[in-house]
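Every chain is named by a letter (A, B and C) in the order it is written, and numbering of its residues begins at 1.
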Amino acid sequence: MTPLAQLIEAALFAAARPLTAEELTVLDADTSLVDVRTALEQLRELYDFHQHAIELVEMAGGFQLLTRPAFAQALERAQFTVRASKLTAAALETLSIIAYRQPVGRSEIEEIRGVSAGGVLRSLQERGLIEVVGRSEALGRPLLYGTSAKFLELLGLKDLTDLPRAEELSIAIQPPRPLTPDDEEAAAYVPAES
Amino acid sequence: MTPLAQLIEAALFAAARPLTAEELTVLDADTSLVDVRTALEQLRELYDFHQHAIELVEMAGGFQLLTRPAFAQALERAQFTVRASKLTAAALETLSIIAYRQPVGRSEIEEIRGVSAGGVLRSLQERGLIEVVGRSEALGRPLLYGTSAKFLELLGLKDLTDLPRAEELSIAIQPPRPLTPDDEEAAAYVPAES
Amino acid sequence: MEQPAALTLPEPPTSALGASPAFVVELEAFSGPLDLLLHLLREEELEISDIPIARIADQFLRVIHNLGLNQAADYLELAGRLLRLKAQMLLPRRSEEDGWEDPRAELVRRLLEYQQIREVALWLGRAAERRADQSARGFLPAPPALPPPPLHVDLLELLEAVQRVIDGIPAPVLHRVVARPLNVEGATRRLIALLEDREEFGWREALGPEPTLSDVLSTLLALLELARRGTVSLTQAAPFAPMVIRRDTSRTAD
């Protein structure tokens, strides 16, 4: 391989976009367009001659290195190109609030996390992890959110009672909302401070 | 090139991230780990022998195709690549402590560096270089941190054993006990240099 | 060991509070108080194992004073420690033989440990630089109409998120006090009904099945009130033994 062909190979491999022959002349001060085209031809022949799985392709945007179509199926089967995507910390936190407090409105989520929740709620909804389960009776009748069947499926839970109970978490979650009659007993544990 | 070497080249090229030998066996039903390692060796030799600008690098527990260091300057000058921003001294020191002491909690890091670590830990976590690996049993059950696969990728390390060993450092490792003037070993604590 | 870039000194300014110009440095140039201390030691070509504490403590303070006190909490802590050490070193020691422990030992240990971490940090920095010389494939053409990547969530992650949410709540509501939580009248009625039935029964029977804490407290208060009125007598065979509740015939007979 000539030094120019090497430089061009490195550039086509590393650049974040296809490169034109004109752009490739920038690589070396004394390089003409003809030199670049010769080197590109050399590169193409090398890949073909040694039966590399990659090839040099010229498209509208310029030259790029691509895997040969013959390998597309095997690659798709192996799924190397797609990495399982993960939820962001903000999405997980919002999801956890909804899981434990559902049905719950946006303002309550924002109050707990201390940041606005609009974007996160939209993306959780698009991913099918939460859904609108009703409207609150409060002013403006805001939407109430709950977790979806897909949420249970992804976490491998039979139903919501499979979620660890508050007492099993290292710090119990305290409900900062008006107590229902059932909660009264629990609340009576704590003596009034003197 | 053997069909398996071709498949592996296509996979490494398409994934653009380190793939483990185990992952690569998925490419073909009848392929063993030994076959994959043989094909990888073949591929490495082919790139070296024909002086490709790309080389096969073993990193972060897997294998990845990368441009050779010799072309870094030309690629940056032509603005085909952007150099990764440098880590600050604080980030590097914190990473060092975590790399050698993992799993390690925030308070231990702060004690060693003598400064609070909250901001640095958050930014290292956001960059994906460290991750929470558990909780300590100590009071308050503080989070414990460890380095991630991305940390190995950033430094181009195969695994954590690539890090310098204590004996290779100019300062010997410290036994955690107080010194006395009579202590024979005290002399060994003194760094050899300046 | 090579001098890290972070330690390069800026040009010494002219106003130096009596300190030698070499010690006028910028706080930002250091990654922490130990870094600054190491720098001072190196400037003076002093051994870590035998630090002239008094001198170094004064220099350290001078530098910090020079830099202003904003953002210097960590530095002040070490400054305080150095001053304590300085005082300790002035105390008369009895004799070298009877196990005198050098008060500087802990500081020496920390400095050496920190120096080791710094050496590793330099190594990591160089490794990252070497790695940055190599590029992965840059342009990844979008695969034609593949389904979106599978979503990965696990329960542990969710629970960690719950924990973060809880940790983030500034003032968690720890308890609520509800009016009229105890039902002493109800408990009294139940006890009187029991007493009509039986002359003697145990504390457990008094509570009834599955008592809540509120039931326990209500029953206890009711019992104490009944005992005060002389309706029942309460006895225990021994401290912490089960309480026995008996109809108090001696006084009702009066």
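Operating definition for what follows: contacts are C-beta pairs under 8 Å (C-beta built on N, C-alpha and C of every residue); 3 or more make two chains touch, one makes a residue touch a chain.
This one's a predicted model, so the numbers in the text were calculated from it and none came from an experiment.
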item: Touch-based graph of the chains, sorted into line, ring, star, complete or other; value: complete
item: Far-end chain from subunit A, centres as C-alpha averages; value: C
item: Distance from subunit C to subunit A - Cα centre to Cα centre, in angstrom; value: 34
item: Geometric centre distance via CA averages, subunit B-subunit A, whole Å; value: 24
item: Sequence positions of subunit B contacting 2 or more other chains; value: 13-14, 17, 65, 67-68, 75, 80-81
item: Sites on subunit C at which at least two other chains make contact; value: 135-138, 140, 160
item: Residues on subunit B engaged by subunit C in the complex (per definition of touch); value: 13-14, 16-17, 57, 64-69, 72, 75, 80-81, 83-84, 86-90, 92-93, 95-97, 99-100, 112-116, 132, 153-157, 163-164, 166, 169-171, 173-174, 176, 178-182, 186-187, 189-191, 193-194
item: Contact footprint of subunit B on subunit C as seen in their complex; value: 1, 4, 6, 31-35, 42, 45, 47-49, 74, 77-78, 96, 99-102, 105-106, 108-110, 112-125, 127-138, 140, 160
item: Footprint of subunit B on subunit A - complex, ascending; value: 1, 6-7, 9-11, 13-16, 19, 23, 26-28, 46, 50-54, 65, 67-68, 71, 74-75, 78, 80-81, 83, 170
item: Interface residues, subunit C side, partner subunit A - complex; value: 135-141, 143, 146, 148-155, 157-170, 172-178, 181-182, 212-214, 217
